[in-house]
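Okay, structure first, notes after.
By letter and in written order, the chains are A, B, C and D; residue numbering begins at 1 in each of them.
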Amino acid sequence: MTVKIRTLRHLSKEGILGIWENRLMSLASIGTIVLCLIILGVSFTLASNVDYILSQIESNVGITAYIDDSVKEDEITTLKTKLEAIPNVSGVTYVSKDDAFLTFTDDSNLENIMKQFEKDNPLPASFEITMVDLEEQERVIESLEQYDELEISYFQAEAPMLVQLNDSIRYISMIIIISLILVGIILMSNTIKLTVYIRRREINIMKYIGATDWFIRAPFIIEGISIGLIGGIIPIFALWGAYSWVLKVVNSRFTVMIESIKLQSTADILSAFTPMSLIIGVGIGAIGSIISIRKHLKV
Amino acid sequence: MISLQNVSKTYPNGTRAMKNVSLNIKKGDFVFVVGSSGSGKSTLIKMLLKEEDPTSGKIIVNNKDITKLKRKQVPYLRREIGTVFQDFRLLPNKTVYDNVAFAMQVVEANPKEIRRAVPVTLGLVGIAKKFKCYPHQLSGGEQQRVALARAIVNDSPILIADEPTGNLDPETAWEIMKLLQDINKRGVTVVMATHEKEIVDTLRKRVIEIDNGVVIRDSCEGGYDCED
Amino acid sequence: MTVKIRTLRHLSKEGILGIWENRLMSLASIGTIVLCLIILGVSFTLASNVDYILSQIESNVGITAYIDDSVKEDEITTLKTKLEAIPNVSGVTYVSKDDAFLTFTDDSNLENIMKQFEKDNPLPASFEITMVDLEEQERVIESLEQYDELEISYFQAEAPMLVQLNDSIRYISMIIIISLILVGIILMSNTIKLTVYIRRREINIMKYIGATDWFIRAPFIIEGISIGLIGGIIPIFALWGAYSWVLKVVNSRFTVMIESIKLQSTADILSAFTPMSLIIGVGIGAIGSIISIRKHLKV
Amino acid sequence: MISLQNVSKTYPNGTRAMKNVSLNIKKGDFVFVVGSSGSGKSTLIKMLLKEEDPTSGKIIVNNKDITKLKRKQVPYLRREIGTVFQDFRLLPNKTVYDNVAFAMQVVEANPKEIRRAVPVTLGLVGIAKKFKCYPHQLSGGEQQRVALARAIVNDSPILIADEPTGNLDPETAWEIMKLLQDINKRGVTVVMATHEKEIVDTLRKRVIEIDNGVVIRDSCEGGYDCED
């Protein structure tokens, strides 16, 4: 495979020219790659947002530790520091008796009833404890139970459920994304197979004239890579535009509802999708042309 | 230079196109291969180029047994042999110029050399004016001459031509024959399958006649028919 | 276009044979149609389930009308009948004072506090009112406000939010489904174009021999329809299998969580998807072949 | 039967392949069209079949001005004319039998008639043994004969043949010529473009010589060259 520089230059030129000479097929290949990658991009965006939202919800599901009224104000800071030191605890927020009363009267439809207690607040102060990993909730609770002055309240059922749901959704989106990549590869190798099939006579003739396999293959591979590159770049811009628009719409219309839940930023999505799109596009373009040309070289 | 030893060829569909053929062609020979339609002339040529492999027997080209050639080596065999195919085999999306230049690019010739040799060769076969045309814009005879230009542009030591004058008028055909003789005089071995009785009869070169896959005649300075 | 019966029979045979003779292209076309329709099927299933779930949630969002303690037990039935007669009301459920107390003590972490009230239940009885169309909530409330003995409580913000969310999701899934159909058509017409491109020489030769346009076209159309039919049938079975499996998994794992929310049955999904898949498959097969052959007939 | 009136043809790339040609061919004529390679013989034939349209002038076939023919009518014109193309144009994925049968299916012939006529015609051109082969399994001359069989199987009133013997050995070529003469005797108009000097000189039919797009000779009972 010793090739002269000028031969390389010539073969690259042939490859790039090939895209134009076979406009119909190039368009078909680029179109297929673009469409598959766009579908992939949309699925990826959906999946990674679902994941992101779930992890936000997860981090909001916490443990409430009601503090016995006997604990004095100045002991609370020490207690808080101790709790913060427990492994897997990501945050501890103190909610005073007054805060609790305000929240409660605010929240409930029972204002009238609660008014009776305005003088003698029956609600306890509490710590809101959030965790790094929801699956480790059990251990945190064991640690908390060592403090007699705390009464612990948490969502026994919901936590594992949420973990399970989150796992399932991750699992399902993985399946969908992998199937999409496979679908893309199949569609694209079909298109490339057809392209090469159309040009098999041309390939045969080159072989009969005495061209080596690499001499014939190189322009096809360069053509495949260029097509893959073009087909990989377009979806990035498409996703960029579309996602920015969706974010704008969502932010302008649903701010009230999803105050605490955020969608991923355009930058986050693009920084993950750009290399994915380029690598898959170029990879499939190159591999597709190598594989599909092979059979016709044997003459 | 070229030597067949007990070569037989049976196509997958059962057609026996070549039956136990042995023959020798020396360097610098000029050989006509004649025979009725379907007798096996193109099959012989296809085997020399390793387009078809013989079912049995040995074929030696340039002191190499090409039946044992590795896949990688095949292109280098074909570069030793300039070929005019019966069905031309021009690249449909290259111009006349590019079709001929391609044969030189394949052997990684110098671009300067390509720019010099291609127009000269197109001139020799009388098709220089049409260098910008694509094959589908040419007449049958013009395509045939482009195929011939491509076969000779690399100055290969062997030239094989399958009916290089089948689509040409007698006058043009004679010009082409003069060209082939000139090339032969420069030491190139020429093997030419043909139906042109007049040409064979006039030139009096070595004639190999094939009938139904068997060599029935191999005469120096022969004519198209046995009796001549 | 007067054709003899035996010509028709001959052309059909040619069409069916063509599928086999052009295996590579037939497989490519069938594969493309199948993959696009599967993607379409998955999107359709997701969208229609989201829609279904949202409409279930919508029908669960209701108005609570607290009943003044002065209203006697026997007046309640009359009142209930009256409320049920209000347009757009789909259901009225009576919640007695006792029921309310039970639910409240059950729900809240404030058991201790509520124990004080065990004798003298401060919670009012109420009607839970559900609506046919959440967007018409305003009108129902206006009607309810005419009853002085009722104090009305409802989610002012959430209802329009939910309607808006539901509309947006319907809108987005419509966009996705339509884009997918377009993607499918583009991919398939690409494939068919390539198929015809490969056979353009053949088509040209037929024309030069004196074949009429219909004589050439018919086998292609029959081939296209058959390919579309095969490509339309496979996704139905694929979706059938996949959806049954998903339903089984979901039902076995998430029963606790989604007690009140159901997914659509396999029968519902298939009865909508089957005609969709067949019509789109056959339609694209037929139209694709007619369109892409046209240009090559002009010789 | 066939009449050209001031016909000119310039291809899109500027090649002037036909310059103001007028000629008449009567029913039952046998006409050779000769001329050097690239002179315009195939262009003339392509225009008769409406494969190419003349740039100017009128072409009348069977009393119809085919330059004004509607798209729908073109197939019916082509059915009147059996044609052997210079590049054969066999359907690659049909066998020899099916290729010839296809020409009859196109005109919606009776299947019984097809089953009778196809083997007979294949026999006439001497290719009956190969009826199961696909075109790529045939030699050049065999393909040419299949193309001829397809052209004559429908008994069209006009037969146009572009180099029908270019790939045939003299013996087979003469058999084909006898066949064409027989067909001509049955009243079929035959137009044949050819380079075979020997055939033209021997048969002494009408010869139209084209040079560079112009008819330079139109002689009854002529030879290949002017001087004859």
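Structural remarks
In this text, a contact is a pair of C-beta atoms (placed from the backbone, for glycine too) under 8 Å apart; a residue touches a chain by one contact, two chains touch by 3 or more.
Keep in mind the model is a prediction, meaning the values are calculated, not measured.
Common neighbours of chain A and chain D, listed by label, are B, C.
The most distant chain from chain A, with centres taken as the mean of CA atoms, is D. Averaging C-alpha coordinates per chain places the centre of chain A 62 Å away from that of chain B.
Look at where the CA atoms of chain B average out and do the same for chain D: the two points lie 28 Å apart.
Averaging Cα coordinates per chain places chain A and chain C 25 Å apart. Chain D has no residue in contact with two or more other chains.
Residue numbers of chain A whose C-beta contacts span two or more other chains: none are found.
The touch graph of these protein chains is a ring, one cycle where each chain has exactly two neighbours.
Every pair of chains meeting the touch criterion is listed here: A-B, A-C, B-D, C-D. Chain D contributes residues 11, 13, 15, 34-38, 41-42, 86-87, 132-133, 137-142, 144-145, 162-163, 166-173, 195, 197-198, 224 to its touches with chain B in the complex.
Residue ranges on chain A touching chain C, taken from their complex, read 24-25, 27-28, 31-32, 35, 38-39, 42, 64, 109-110, 112-113, 122-123, 153, 157, 161, 164-165, 168, 176, 180, 183, 186-187, 190-191, 193-195, 197-198, 253-254, 256-257.
Listing the residues of chain D that touch chain C in their complex gives 49, 51, 71-72, 74-79, 83, 85, 89-93, 102-103, 105-108, 111, 150. Chain C contributes residues 3-4, 6-7, 10, 21, 201-202, 205-213, 215, 298-299 to its touches with chain D in the complex.
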